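Look for chain A in each of the two complexes below; its partner is chain B in the first and chain C in the second.
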Partner chain A sequence: MSDFQNVALQLAESQRSPDWLQSLRERGALSWSSAKWPTRKTELWKNTPLQPLAHDLPSRWAAPTAVEWQRDIEQIDIDATQLVFVNGQFMVELSSELPVEIVRFADADAAQREVIEQKLGTVVDAERHLFAALSNAWAADGILIQVPRNQALNKPVYLLNVSTPEAEPAVSNQRVLMVLGEGSQAELIEHYVSADSKQNGFVNSLTEVIVGENAQVQHYRINLEQEDLLHMGGVHVNLHRNARFHGFTLAQGSRLKRIDYQVNHRGEGAHLELHGVYLPRNRQLIDYHTNVEHCVPHCTTNEVFRGIIGDSAKAVFNGRIHIHPQAQKTLAELSNKNLLTSPTAEIYTKPELEIYADDVRCAHGATISQLNETSLFYLQSRGIERAEAISMLSFGFINELLTQVPEQAIQDYLRPRLTTLFGQGSELLGQLDYE
Partner chain B sequence: MSQQVENLIKKDYAAGFHSAIESDTLPPGLNEDTVRFISAKKGEPEWLLEWRLKAFRAWQEMEEPTWAHVHYPEIDFQSISYFSSPKSMADKPKSLSEVDPELIATYEKLGIPLHEQEMLAGVAVDAVFDSVSVVTTFRAKLEEAGVIFCPISEAVHRCPELIQKYLGSVVPQKDNYYAALNSAVFSDGSFVYIPKGVRCPMELSTYFRINEMNTGQFERTLIIADEGSHVSYLEGCTAPMRDENQLHAAVVELVAMDGATIKYSTVQNWYPGDAEGKGGIYNFVTKRGLCHANAKISWTQVETGSAITWKYPSCILKGDNSVGEFYSVALTNNFQQADTGTKMIHLGKNTRSTIIAKGISAGRSNSAYRGLVRMNPGAEGARNFTQCDSLLIGDRCGAHTFPYIESKNPSAVVEHEATTSKVSDDQMFLCQQRGLDAEKAISMIVNGFCREVFKELPMEFAVEAGKLLEVSLEGSVG
Partner chain C sequence: MLSVKGLHAKVEENEILKGLDIEIRPGEVHAIMGPNGSGKSTLGNILSGRPGYEATAGKITFKGRDLLEMGTEERAREGLFLAFQYPVEIPGVSNMEFLKASVDAKRKHAGQEPLSSVDFMKLARATSKRVDLEANFLKRGVNEGFSGGEKKRNEIMQMMLLEPELCILDETDSGLDIDALQVVADGVNSMRDGHRSFIVVTHYQRLLDYIVPDYVHVLAGGRIVKSGDKSLALELEAKGYGWLEGEVA
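Presenting the complex of A and B:
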């Protein structure tokens, strides 16, 4: 067992947690402690070294700090049921009044508790996902969103997770369970931010979504954190008959950020639409691992990921699509395109197809390149400054995904931030290697 | 229809026969003495024995790789015999007429025109029957051009400085488990040296054939193309039918000096096992080429045989402006498993690589493309294009794609594309409606699917490859 594994187990012991989560915690602790710590030879962690975790060993749970952070954090301006967490702790005074569909694990009534006991940890495969095992071991509080049959949440759910600087390295755990009944509808926005100063936290977050027959979910996961924060995240989804999951994710920041998307098509006619953007800068590392399991016939998947990697940043993308023998008539597509904007940036991409059924149409594509010199020249010939042209083209590279975001408020939130990001970068680039 | 299919399925492996030739075989087992025996048997110099022993010691420390997408019972390396040579080799034949007539008959059954091929195909054949090269023809004509084409065991004595310099320079002893094994016990193989500025006057070709029961075959091929030279090398193999799994771990090293071109084509049709998946050859091959400036290495392979194929012909594009190519058709049927692909390591400026991989799975087989494209920081302006297509025939087979794509240079451009689908019903309907039966239609569609690769093959190979696919696919349509 590595030092971090030990420390994490000690932290689990120091937690207060409800009795009815004990068995999940124990199972989690067992798989966490028996797991071999990933090295460069571990396929799933090949290009994502976990040294930063071992380097600053966290000593305690993060505590909620003063409300000061509000000054620095800009929220998405949206009419939604807002739940605010600071360093993993739920802030009642900052959050909206919760509708009946949403409840903290701690406040769950008997019926809701039963749902949690039955479903929590069933979507995720903790043997395959190391940090999901940790999340199980750390399971204490969390949020249950349960939408009854044929109902729709009248407002989106907005989870704002804020990390603030701590005196010493600390950890926080975030757990969400979403259960959608037959024919129901919901929208969930998970927004991770950190206050604008030095961070030394580690965030482990896991979201499990069960989408019932004919139900529909719109899911957003926006990870905009500071450079020093470490983040391990997972979104695990079970799709039942004719269910639909629309996901959008964007990641920036963190010297170590890994996000796993695992989607299981469990019922015929289910559809997954997953769009992702990663924009590592400086010395950041962003790793997206997606895995789609087609277990039944007639399901469809469309996955598009775009990355712009600058400075000395590193990006890892692994997109696996697994078609089981029964999953005939599957249509699955995956596209991953990357722009490298600096001589020291690195990208490791691996789109995978594993197919055991014959009557399917599957395709994937991956590209890596820099900005097109001809396009830059064209824009410059029209009197646009080079730096601005670079910003425009970078923006254009991901704009296709941005314009498809159905929630206008999120588009409005992201656009100015991205423009600034590209603008900053291109000034630098202009001096460095585009001259 | 089903009756017809039934008949086709029952058809035996066309190249499956076993000729009875006495051989000088080492009892099964592997230890340092085995290595010493092989080395002594070949009268090798001391340094080569040391080189083998170093590899053997490294191999003992290594673990068998398990990352490939193939499943097979554990191989007992102690139950394999590591040396065998046809007995009549003891008094080395100098010409064709001195060769064991039964050996000649075997070749003729396989359709290798050892007698007539000289004029017929213009091909010099270095025929490898089990582990010792028996006959090398056309030596004289090649020598005229300054080309050295001989068994590697002979080359050790003829040009030791070349062997010492280049053996293991592209695939080091410790490169991987099977390469280490091969380095320790390699039996024989071909050696080619093309001098500066020479265009090899003919296609060079080696036919391999595994014949001895329970004998692993460990070929070692080394091709050196000196500055500005050009060579095209053909490798083809069939193996007789047998029940025991056979291990084959070959190593091929190519060195292309500045401005040289090496074209290496393979048609591999070893015994794939019967319809129940019993028997068949285990083929674990390490092939790698090193390109210096402006050099080009082109790998073309048609893989239809072997129970298990584990093979990644690679190019290290070290020199500026060098070019790597990989064209592959991998067809699996019944219970065959193939995990094959390529590695393109771009080190130099403006290096280019193209990968076209076509996988066809039928029956209960699994075929996987596993490739690596790496752009190192120095690969300014490098370019790669990869296309992997898989065709599925039948609903119990599998096709997989595992491409690793890495770039550390922004000016490098990498494109990867992969698709998987089955033979479309529309295409089948169209063919059948024009009077072609299902079997013919499939064969036609598959041939079309593989055209891009076949056109890279030398003429005589292309014909053979097309036919091979047809035979291999028999009985897969139901």
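Presenting the complex of A and C:
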């Protein structure tokens, strides 16, 4: 076992957790401790070295802190059921009163417990996803969102996860289970932020979503963390007949950030729409691994990821779509475009289509490029400074995805932050009100 | 306004312009015609400072200043405008943002305050009406999915907003139907005010029925081989360029 595996197990032992999660925790601990620690030769991790985890070995659980962080953190301005976690601890006083569909594991009644016991850990394959095994081993608190048949949550769920500075390296764990009954609808926003650049923190997060027949989920996963915060995350989804999952994710920050999306088409007519943006800079590393399993006929997938990699940052994108022999009439598309804005920036992109059915329509493509000189010249020929032209074009590259985000509050939150990210002089961008 | 003397220019090691002279005074409209490959577009690209186009000899003076010493942005802010033959599509950057950034840059250069968003949008809407573009074109990505005619009208709209002193129209008529040609020509004519100058680069005489030039020049082999008034264009239309070959050095 590696040092980090060892330390993580000790941290599990020091946790308080409900009895009824013991069996999941034990299974998780077993998978975790028996897993071979990834090296450069491990296919799923070959471009994503885990050294930063071992470098500052965490020694304890992150503690809840006072509310000083609120000065630094701006929340998404949205009318939603809000749940705030600080360093993994639920903040009652900062959170909304929870409707019946939402409950913390700690407060679950007998029926809800039964759902959690039956479903938690069943969407994710912890043998394949190392940090899902850790999440199981660390399972203690978490959130259950359960929407009954033919109902819709009347407000989006906004999960704000804040990490604040710790004196020594500390860890926190976040777990979400979402179960949508037949014909139901829900919107979930997961927002991860950190309050200060001196974090020394490690966040492990895992979300499992079961979308019942004809049900529909709008899911957002926004990771805007500081550089010293390490994050391992996963979003795992089962789609049943005619279910729809619309996902948008955006990541920035972290010396090591890995987010896995695993979507399983389990019922005919299911649709996945997944858009993602990654923007590593400085010495950050952001890795998105997506895997879509088409197990049945007549399902559709449209996946679009774009990245802008600057400075000495590195990004990894691995997009796999696996079409099983029986999954005839599948329509699947995967596109990944990357923009390198510095000679020392790196991108490793690998779209993987594995097709074992003969009557399917699939396309995939990946590009790596620099800004188009003709476009730059066009802007400059209208009097726009080259530096501003560069930031306009960079922003434009991801704005194509941003403008498609259905939730206006998220567009409004991200736009000024991203224009600031792409440099001065661009404060104009996106601020024009057309009406 | 603009004085070009003995201009030689190359593109990727190929010498395209070989001693071009042209003199443009305020308020004049000059048409430049010529066969394919004669260097018509190169002239516009050199004047606007496009990377890859290099002036190797000669002198260009714009409003009394050495144009070749100025960067692309500065030329634009000083009042030089090139309407592109092939306007560039830029998805993700809205036309409105692009236009406002251009106008702001020009105003800043002139020591003026930037227009407020509200004032700018009013101006942009009114201008899009002048070139017969629906206001929703302002929200779309720059030229994204525009037809050929819409792209050219968008160029004219930019010209109207930037109010340049010297406008270079690079084959603005190519790919236009008669209606669009009329719109573009009306736009240009509405900007003729006795001070503003135009260089109209075109293959065909047709455009010059709508935008009547003061001078017509024939560019061949990288030089102006013949100059005249608008009747020269009609002569070219009737006879082609072949009869001028003797004039090419």
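Note that in this section the second predicted complex is superposed on the first by the 422 of 435 C-alpha atoms of A that agree within 3 Å, B and C clash if a C-alpha of one lies under 4 Å from a C-alpha of the other, contacts with A are read in each partner's own complex, and residues count from 1 in each chain.
In the analysis below, a contact is a pair of C-beta atoms (placed from the backbone, for glycine too) under 8 Å apart; a residue touches a chain by one contact, two chains touch by 3 or more.
Owing to the predicted nature of the structure, the values given are computational and were not obtained by experimental measurement.
Asker: Applying the document's definition of touch, where does A:340 land relative to chain B and chain C: first, second, both, or neither?
Answerer: The answer is first: A:340 touches chain B but not chain C.
Asker: Applying the document's definition of touch, where does A:377 land relative to chain B and chain C: first, second, both, or neither?
Answerer: Only chain C is touched by A:377; chain B is not.
Asker: Between chain B (first) and chain C (second), which, if any, makes contact with A:312: first, second, both or neither?
Answerer: neither
Asker: Can A:400 be said to touch chain B (first), chain C (second), both, or neither?
Answerer: Only chain C; A:400 stays clear of chain B.
Asker: With the two structures laid over each other on chain A, which partner does A:348 touch: chain B (first), chain C (second), both, or neither?
Answerer: After superposition on chain A, A:348 lies in contact with chain B alone.
Asker: Where does A:302 make contact in the superposed view: on chain B (first), on chain C (second), on both, or on neither?
Answerer: The answer is neither, since A:302 touches no partner chain.
Asker: Given the touch rule stated above, what does A:388 touch, chain B (first), chain C (second), both, or neither?
Answerer: Once the two structures are laid over each other on A, A:388 reaches chain C alone.
Asker: Return the residues of chain A at which the contacts from chain B and from chain C coincide.
Answerer: After superposing on chain A, chain A residues 433 contact both chain B and chain C.
Asker: In their complex, what parts of chain A are in touch with chain C?
Answerer: Interface residues on the chain A side: 372-375, 377-386, 388, 392-393, 395-400, 403, 428-434.
Asker: Would you tell me which residues of chain A are touching chain B in their complex?
Answerer: 43, 47, 325, 328, 338, 340-370, 433
Asker: Could you list, by residue number, the parts of chain B that touch chain A in their complex?
Answerer: 67, 69, 375, 377, 390, 392-422
Asker: Quick one: which bits of chain C touch chain A in the complex? Just the residue numbers, please.
Answerer: 48-51, 71-73, 75-77, 82, 84, 87-88, 90-94, 96-98, 100-102, 104-106, 109, 117, 120-121, 138-139, 141-142, 158, 162
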